[in-house]
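The structures come next, written out as structure tokens.
The same chain A turns up in both complexes below, where it pairs with chain B and then with chain C.
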Partner chain A sequence: MPKITIDNLSFAYPDTSTEALKEIQLTIEPGEFVAITGATGAGKSTLLRCINGIIPHFQPGTLQGAVYLETSAGRSAVGRVSTPHLARYIGSVFDDPEGQIVSPIVEEEIAFALENTGVDPTQMDERIQHALDDCGIAHLRQHPTNRLSGGQKQRVAIAAALALAPSILILDEPTSELDPDGTEAVLHVLSELHRQRGITVIIVEQKINLLAPLCDRLVLMDQGRIVLEGPPRQVLRQADVFTQLGIELPVPARLMHALVKEGALPPLDSPGAPPVPLTVDEAYTLSQALLTGS
Partner chain B sequence: MSLSIEYIPATSPVHKLHALTKLAGALTVLTLSMLMGTPVPLVILQLALLGIAAVANVHQELLGAMKGLLKVAVVLIVLQVLFYSEGTALVPLFAGLAITDQGILFGVTMALRMLVIVSSFLLFLMTTPTRSTVLSLVEYLKVPYDYAFLFITALRFIPTFIEEVHLIRQAQEARAHDFSGGAFSRVRSLFPLALPLVSISLKRAERMAMAMETRGFGLPGRTHYRLEAPEAGDFLMMLLMVLAVVIISLFL
Partner chain C sequence: MDVFPAGHPLLQAQQLKHTFRTGRCALQSVNVTIHAGEMVAIIGRNGAGKTTLTKHFNGLLKPTAGTVLVGGQDTRRVSVAQLARTVSYVFQNPDHQIFHGRLFDEVAFGPRNLGLSGKELDQRVASALDAVNLAAYVDRDPAELSRGQRKRATIASVLAMKTPVLILDEPTSGQDYQESRQIMAILQQLHQQGHTILLITHDMELVQEQAQRVLVLGDGQLLLDGSPDELFRQASLLQIAGLRRPPIIDLQHRLEELGLTASVPTAESLAAALASRIQQGPSVHVDPTPGRNAACP
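So, the complex of A and B:
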């Protein structure tokens, strides 16, 4: 299980004066679920592309610092391993469900990565089934890919990335083009993969209200820098930073901040203050406790 | 003209044959139709193709396609009849041209030949998944995989492409762009479709290249999931085809 170390990483796209990433310093432990959020142009997608090797292999620009993968075998810079080789460690899923599916049939789509990396064809059936099961889409195996819904397509894309059994999964706004049902299905798959298979999940997403209960760490970016990072309950305490950056705070956290402002709850940093609720259920329990006075 | 060139999934003895066998079959029919210079054997050949289509349960589609092809056939016959000058003149026409008996015969033969050749390839395409065809081309005829992949992917993106055209068209119509009018203005009105379509497609192509790279595309030593090998039946069929060509070329 590799650990990812991002060391003093800066990147500028060609023909631009401002850097998309500025001196990023971040370590992601094996098996961690990290959600990265921020306004458009904050550098979230650029950061992901540095981790999965699209930068510098595919996207030209000025890169400083490095991203390292640390395995038991040693430490290697992502920039020095070619993207196809990285595929064995890092699976990538993109925002456009349509543009990342290359095959006409679902099972062929899952087989694509296996074929590319020269897996023995006799092992493929089992590995395809495994990847489909993990994403809860075993029933779609023989379906044509162009008749799937957006949520199904994204789960096929995740299964396709999982076929190579990578230990890291990187997703760039995988639910941005999905309806609420599709979004829920995709996020459910991710949390199961993280919980049961111990896969490292790094996801860029706007919907922090849905991700906060799932992730171990929330990273807030702005103008190429990491502004806040830490466990979601800790990050969501800083309501003023969210307001300043124009990012909407999840409703349960907003409720708590309002209650603190009203004086119904003690200040967040005082001892004995209750933790920030992440789900509606938690907010409900908190409100109920207030009402009953316990 | 409704020319269906889509694969029609079914389980028939024809579908079960290897893609290479069916390709060889289409080429055999092509060769035979070249050897046959009179209408009668060509009609027999066409009937045989219809028989095979019936076994494969795609005869409805083939008949539909043949109906469309008849129009082309009529044009072919008329052209041949008008400009073929050998043989006995039956009806004299203007400028020294005449309808001759041999002209009619030649025209009908040409039309039948066209019908037979197109039908045989349609039959091949309707009973063989594209993937099988492409894989056999790569594996047995040594076509480079990159080109074969290009072909499969192009086919995969046709429905996406059509959907996008509809979407852009509706978007432009919603902003009062007029797609109707005469032939010329209709062609001109398509330009506002082209730019967004090209720009979307280029963006999508870039995204897809990334998605492929991150799944190991381009690594050496590629393997193939579900590679079909020709079976005894396929070899038998191919042998029969060769025999048919040899015998018919000896007797005609």
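So, the complex of A and C:
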């Protein structure tokens, strides 16, 4: 299970004057669940492309610094590792699921991913079924991939990545076109995979209200830089940064900040301040404790 | 736009059926009328038929049974180009729509087809790009924009058209909070000016805050045609249609269990209600069972 070290990484696309990434410094431990968010154009997809090797292997540009994968066998820069080798560790869901799908039939798309990584053929059927079930598209197994709805295509791309069960799963806004039910289901599966098999998950998402209770670390990006990162309960204390970046503070955290303003809670950085609630349930419990005076 | 006075039935689906060549019946007998000046949200599960329905209103799809009328005209008898003067459309996938190598030309394409040129064209394009915060990218290749930026580029294309009807398939997907609210503000402004707006979305908060009328589709059928309030009160419908209440509504319902209310639910108003209750001293009516979940199924 490799550790990922991003060391002073900057990247500029060809013929552009501003860098898409500026001096990114980030270490992702094996088995961490990291959620990245930020405005459009902040550099989120570019960062993921540097981690999964699309940059520099397929996308040209000016790269400074490096992304390292570190295993017990040693440490090597992503740019120096061959792409088939990278594919053994890293599975990706791109921001454009449709562009990622290459097979005419849903089932073949999942099988294609598995064949490429040398999965035992006797295991194939079960792996395919499981991945389709996890993404709620078992009924689409024999469906032509070019005749699916947008959200169905996105589910196929996620299923293909899940079936691979790689050590590192990289997902670029995988739920952008999913219905609320599907979004929750997919995030739940990711969280379970991460918990049970120790898979590293790096996900870019706008829906941080759903990610905050699941992730170990929340990263806020703006104009090519990491502005704030840390455990969600810590990051969500800094309401001002959210406001400044125009990123929505999830409702439970907003309630807490509003309670501080009302004088019903001590300032969040004072000792003994309760932890920031991440879910509606936690916000309820906090409110109840305040009312009963406990 | 005076051709369609407010309240005039503008988009009509009558017994609309659509069966794809694969045999998949994506719409089964949908009846709905959208009036001039309305702002309507269409929601429902992936594969419910949302895109299939709206593509009937710009003529890209024709009914396999039933009728679709746009401005009273049967879409089977009008060309797509002609319909484009009334209805402009933002595709779910921006890459299905973008085909120019320069953002200016991409946004200018529609207005040019309407016969605009010169200064007026330049102005239309500039103000549309400005509205979606892409003015700085006017000479760039849209293919080199980020995904969310590409989606906004397609929204600019539609804004530049100023057609009576705007249909937007998931206009805020991939946008952050501020960006999606900005897009909605533009649409609200157009709505105020009398444009008819139809948008597909999976964002329940946006539905709650911005829509007057919601169409819920499920398996090719219209499950609800009503207000957001009606929708979020129907737990069983929410479940069937794969929908969720927005977190703020969920929180409001939970805090009601503690006797807290706010007429307009926001985190701030609920906090204020809570704070004033605390000042009144410890409550006697509070149910101390932790994690009770009566309000959310």
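Heads up, the rule we're going with is that the second predicted complex is superposed on the first by the 241 of 294 C-alpha atoms of A that agree within 3 Å, B and C clash if a C-alpha of one lies under 4 Å from a C-alpha of the other, contacts with A are read in each partner's own complex, and residues count from 1 in each chain.
Note that a residue touches a chain if its C-beta (ideal position, glycine included) is under 8 Å from a C-beta of that chain, and two chains touch if they have at least 3 such contacts.
Nothing here was measured: the structure is a model prediction, and the numbers come from that model.
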Touching partner for A:Asn146 - first (chain B), second (chain C), both, neither: first
Which superposed partner A:Gly293 touches (first chain B, second chain C, both, neither): second
Chain B versus chain C as contact partner of A:Thr117, first or second or both or neither: first
Contacts of A:Ser191 with chain B and chain C, given as first, second, both or neither: neither
First, second, both or neither for A:His57, with chain B first and chain C second: first
Chain B versus chain C, judged by how many residues of chain A each one touches: C
First (chain B), second (chain C), both or neither touched by A:Pro104: first
Touching partner for A:Ala161 - first (chain B), second (chain C), both, neither: first
Touched partner set for A:Gly91, first chain B, second chain C, both or neither: first
Touching both chain C and chain B, counted on chain A across the two superposed complexes: 96, 98-99
Residues of chain A that touch chain B when the two form their complex: 52-54, 57-58, 83-88, 90-92, 94, 96, 98-105, 107-108, 111-121, 124, 128, 145-146, 157, 160-161, 164
Contact footprint of chain A on chain B as seen in their complex: 130-131, 152-153, 155-156, 159-160, 203-204, 207-227
List of chain C residues in touch with chain A within their complex: 20, 22, 24, 44-48, 50-51, 92-93, 95, 144-149, 152, 169-170, 173-179, 202, 204, 242-244, 247-248, 250-251, 254-255, 257-258, 260, 267-268, 270-272, 274-275, 277-278, 282-283, 286, 288, 290-291, 293, 296
Contact set on chain A toward chain C in their complex: 13, 16, 37-41, 45, 95-96, 98-99, 143-144, 147-152, 154-155, 173, 176-184, 206, 209, 246-248, 250-252, 254-255, 257-259, 261-264, 280-281, 283-285, 287-288, 290-293
